[in-house]
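Two complexes follow with chain A in common, the first pairing it with chain B and the second with chain C.
Our next item is the complex of A and B:
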């Protein structure tokens, strides 16, 4: 098991390095840099713009910039924002908490709602609860977060006025964004759960159990034990969706967070900030996948590795 | 076979546990909600519309940063919001030397910074030192000082600024938040990068807290007694605390206002205004912003917009009234020239030029040798169809404007390719490569010398590539002349020449649509249009 975990962590680090390098190259292929986004806009003379670019190291050859950046990252230094001069690690630190709170609570809502819908759709197919659950899951998958969010804000803060208006970090203001993001996360969890239950229910051992005269509750229990395993993988996958979803959700709900930091950094071509966030996101994502693999191995003896 | 519970705890137990956990979290959130806010006094939440790239007025450039920080700082001079005249601020009097190469400012003696540091000539000197330090990389403050070369501290409350040539726009620069006076003690205590989180001025509000990307909190300065003539006296209804939050998504701004999450917010969508006006709890204020209008520059270096007749035809072919009515719901005035009507030295003579006249536009094109020789609806000349490329950003409804122009021009046989860019660096890269016929770009400011960077030969933002030595001369001279009459005459010539030469396609004068709760009185904005006078706000219970 120790070797297995080591392998997974190693893979996670490799993914993070690839993501970082890709971000580094792609960002520099985009038109403009931080100096274009700020100083050049105010009509500053080209000579001063060039001097500023030189001072920020943006005029260096690409390989040297990359080597310097990678060297910093290895030493745990993510660099400084080209716009505010703030250390990137500090900027991400300030914004990580609110994003984690949003993603975490949305995941909770998503898993609870998604599994409830999946169970209903899987265990009661071709009956009213099943149809309803499938319909809701399809809506969650097909509607854009942007649209649901705006609609939810209008409904709950203006028309019904049961929740506070958007903006800020009071705990009550977390309810709506977490519910909206969680709703969309629930869609694929529900579908995978339902499909997995139906596939399991069609297997021979279920027919055998029924033939042996086992009660329907016991049969259901057998089905669920087998069919809920793939859900672990989906939940881990949904984290990728969540991290993307927070970008949109944070903007609409006027919340502080890594997603909004990223949007602003892209507008300003603030390379170190973007690279820092991409690296951190890739690392988080692949570590959680590694964790899911480990959990999966623990939960299902069939995929347990030797050694 | 071992007997089980109807459904074993194994799997459903986990599910139930998750559901319970979710319930507990929601309940906890609801409980804790009762604990947050309210710390006494009048308090409003003010919605900002973009997250500025930085907050230090000496370094950073956005107009948005002035919304909070105009009230943190005082400037040596103010512009009166109604008359646009210069009135005393931290300087009681000022005088230009007869040669125009120096200005002497007599400072107020009764002013203290929020940290208790007294305000004096040494404080002004410390600010000038900071702004002119190349290490700081000032984006706007330094540019506003123009040909500034240094200062002389005459005595504790008198300072002289020296220039290498006469510079009329200096007073305007000194009236802007970017040249706000910061506490020298705070400037010493914090580095160039960290000062922005600990800003200390002499203004009617103190900076209490900045959480980047989340909020800025200001608290009223009870000692404030040195405001300019247009600042109101503090009353029981003055706002004690202003909390700024960032509503970057335009669609949520009116919702935030309607749900009372904010009591004041700018940049409402024109399409939301009609609905908001029907709500008696709310008010909508249209605040014109001086400077350049929302507009498109013609590329005068690339065929066919390098031909005057073609550019003029395009101006005649554009129904600006239709665009303003359809896209901006009639909430903005139509723009006619390179400056908006509220900008000092605006010349209304440009309004008579270029009425919407598609027939005349076509006759101009005919005169230039165009016609529909192959009957495909698109005019051509020497086998080349009349096809133009238009570059524009996604903000301020510019895409909708571009689409309307495209359809208006198609009616007279011109084809337009629309290219929408996501951000300013991309827009700028198109401009630098000259890969366009029309490009949307504009900026704001009260000083007509703003035109220099856009229209002077080789100007830093002269994206049209236009070059006219006589125009260059007028623009240069207007900056050196202090007499208002002389400047007005020069800027009249400038505006008329720019329009005669059809360098720019003006669309609408920029109007900031602000929404407030009806309980808020005294909503007035600075001469620059963007910055509210927080001092004058009155919140009725």
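Our next item is the complex of A and C:
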């Protein structure tokens, strides 16, 4: 087991390093002139631009910039914003809380709702609860977040007038965006859960259990123990959707957060900020992926043997 | 098991998708108004006999904009899938068929790209490429390449170990001939099914970038842009967002049902 974890963490680190390098090439090496343009647009004179370039290390050869960038990431230094001059790590830090709260609660909603829908669709197929669950999951996968959010804001803040709509800060203002984002996260989780349950229910050992006279409740228990494993993997995968979804959700609900910071940085062509956010997202995502793999291996010994 | 129900569902999905495509293609003949012409004095008119779906903030006809928007939105999604498909297929085939080291290296690179959530990668690419319709398709498409490469590689590896492919190798067929005559045709159906699945993802992500305002042309009839316009006025004029929102959801739903039904079929049947 120790060897497996070591291998998995090693692979995650290698992937993270390549991801960091890709982010460097795409967002630093390629848009070299864009940085000049950004500085010029903020009203900086050519002489000052040259000075700023020097100060930001943009005049150095690329390999030195790359080394400085990697070293900075390791030390938690992501550079400075071209627009405000504020350290990027500090900017992300200030916006991290609301985004983590949104993503975390949306994940909770998504896992709870997705498992419930998946259980209903998997255990009661071709009956009313199964159909209803499948229908809701299909809607979650088909409707765009920005459309559901529009409808939800209208329903809960105008028609029913029970929840605050846009804005961020108070816990009550978290309910609606977390529910909307969680609803869409639930779609894939429900589908994978239902499919996994159906596949397990068709296996020989389930027939054997029924044949030897085991009660339906115990059979269900047997099925669930086996079929809920793949759900771990899809939850980890959904995190990517969730991190992307926070951008749209924050923009619609006018919530402070990393997503809106990213959108503002894109509008300003503030490449260090974009690079910092993208890098941090990739690191978080691959770390959680590695964690999910290890969890999976802990739960299912076969994975360890094959891996 | 329940083949009638499944076939009915597939048929309904196919009909919906065909209708969406037909409406988009026939937009120039079906539209009642110029989708871009603003008539400020007819702002926010509710649905009526002259404006079937009402008018928006600038007095533009929502019905005509929705029809034209379908062509634009579906076109961008199609372009997105094509952009992701080419390099994805090439990388997947190279990895699945090109030997151990090439496989390990390419897949490591793809894994690294998969570490970026696709919408965030697409947004970062927009920062690099700038706003615009083609740029949106490029950004979402490039972000989709690693998934295609992974699926292609899996399909190629699976096809490579099939008995008739091994027989062809035993008979002395060259690797190139085996690849094009046996492996690619064998893997093609599952790859096509996957392309179908990703069309819905391309639609949603492309329209999301449009919604966020990166489509360049803000007056263009496009479902994401229209949703952004309609959202602001939803309280007083819900019809502005209702048409594009429903159209986008129904189209994606049809694609999902179709792709899901096709993917389920061989496994269960």
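Remarks
In the analysis below, the second predicted complex is superposed on the first by the 258 of 307 C-alpha atoms of A that agree within 3 Å, B and C clash if a C-alpha of one lies under 4 Å from a C-alpha of the other, contacts with A are read in each partner's own complex, and residues count from 1 in each chain.
The criterion applied here is as follows: contacts are C-beta pairs under 8 Å (C-beta built on N, C-alpha and C of every residue); 3 or more make two chains touch, one makes a residue touch a chain.
Computed from a prediction, not measured in an experiment: that's the story for all the values here.
Between chain B and chain C, B touches the greater number of residues of chain A. In the superposition on chain A, contact of A:144 is made with chain C only, not with chain B. In the superposition on chain A, contact of A:278 is made with chain C only, not with chain B.
When the shared chain is aligned, chain B and chain C each come close enough to touch A:154. Of the two partner chains, neither chain B nor chain C is touched by A:99. When the two complexes are overlaid on their common chain A, residue A:109 makes contact with chain B while staying clear of chain C. By the document's definition of touching, of the two partners only chain B reaches A:38; chain C does not.
Of the two partner chains placed around the shared chain by superposition, neither chain B nor chain C is touched by A:196. When the shared chain is aligned, chain C comes close enough to touch A:244, but chain B does not. Contacts of A:185 after superposition on the shared chain: neither chain B nor chain C is touched. Comparing the two interfaces of chain A, the one with chain B and the one with chain C have residues 30-31, 150, 153-154, 158, 251-252, 263, 266, 269 in common.
Taken together, the chain A residues at the contact with chain B in this complex read 30-33, 36-46, 51-52, 55, 80, 83-86, 91, 94-95, 98, 105, 108-109, 111-112, 115-116, 119, 150, 153-154, 157-158, 161, 164-172, 174-175, 214-215, 217-218, 220-221, 224-225, 228, 251-257, 260-261, 263-264, 266-269.
Within the complex formed with chain A, the residues of chain C that make contact are 2, 5, 108-109, 111-113, 115-121, 123-128, 200, 204, 207-208, 211-212, 214, 224, 227-228, 230-231, 234-235, 238, 241, 245, 248-250, 252-253, 256-257, 260. Those residues of chain B lying in contact with chain A across their complex are 1, 4, 6-8, 10-12, 15, 18-19, 21-22, 25-26, 28-30, 32-33, 36-37, 45, 47, 51, 53-54, 60-61, 134, 137, 139-140, 143, 192-193, 196, 211-215, 245-249, 251-252, 255-256, 258-262, 423-426, 428-430, 443, 453-454, 459-461.
For chain A in complex with chain C, the touching residues are 14-16, 18-19, 22-23, 26-27, 30-31, 34, 126, 138-139, 141-147, 150-151, 153-154, 158, 191, 239-241, 243-245, 247-248, 251-252, 262-263, 265-266, 269, 271, 274, 277-278, 281-283, 285-286, 289.
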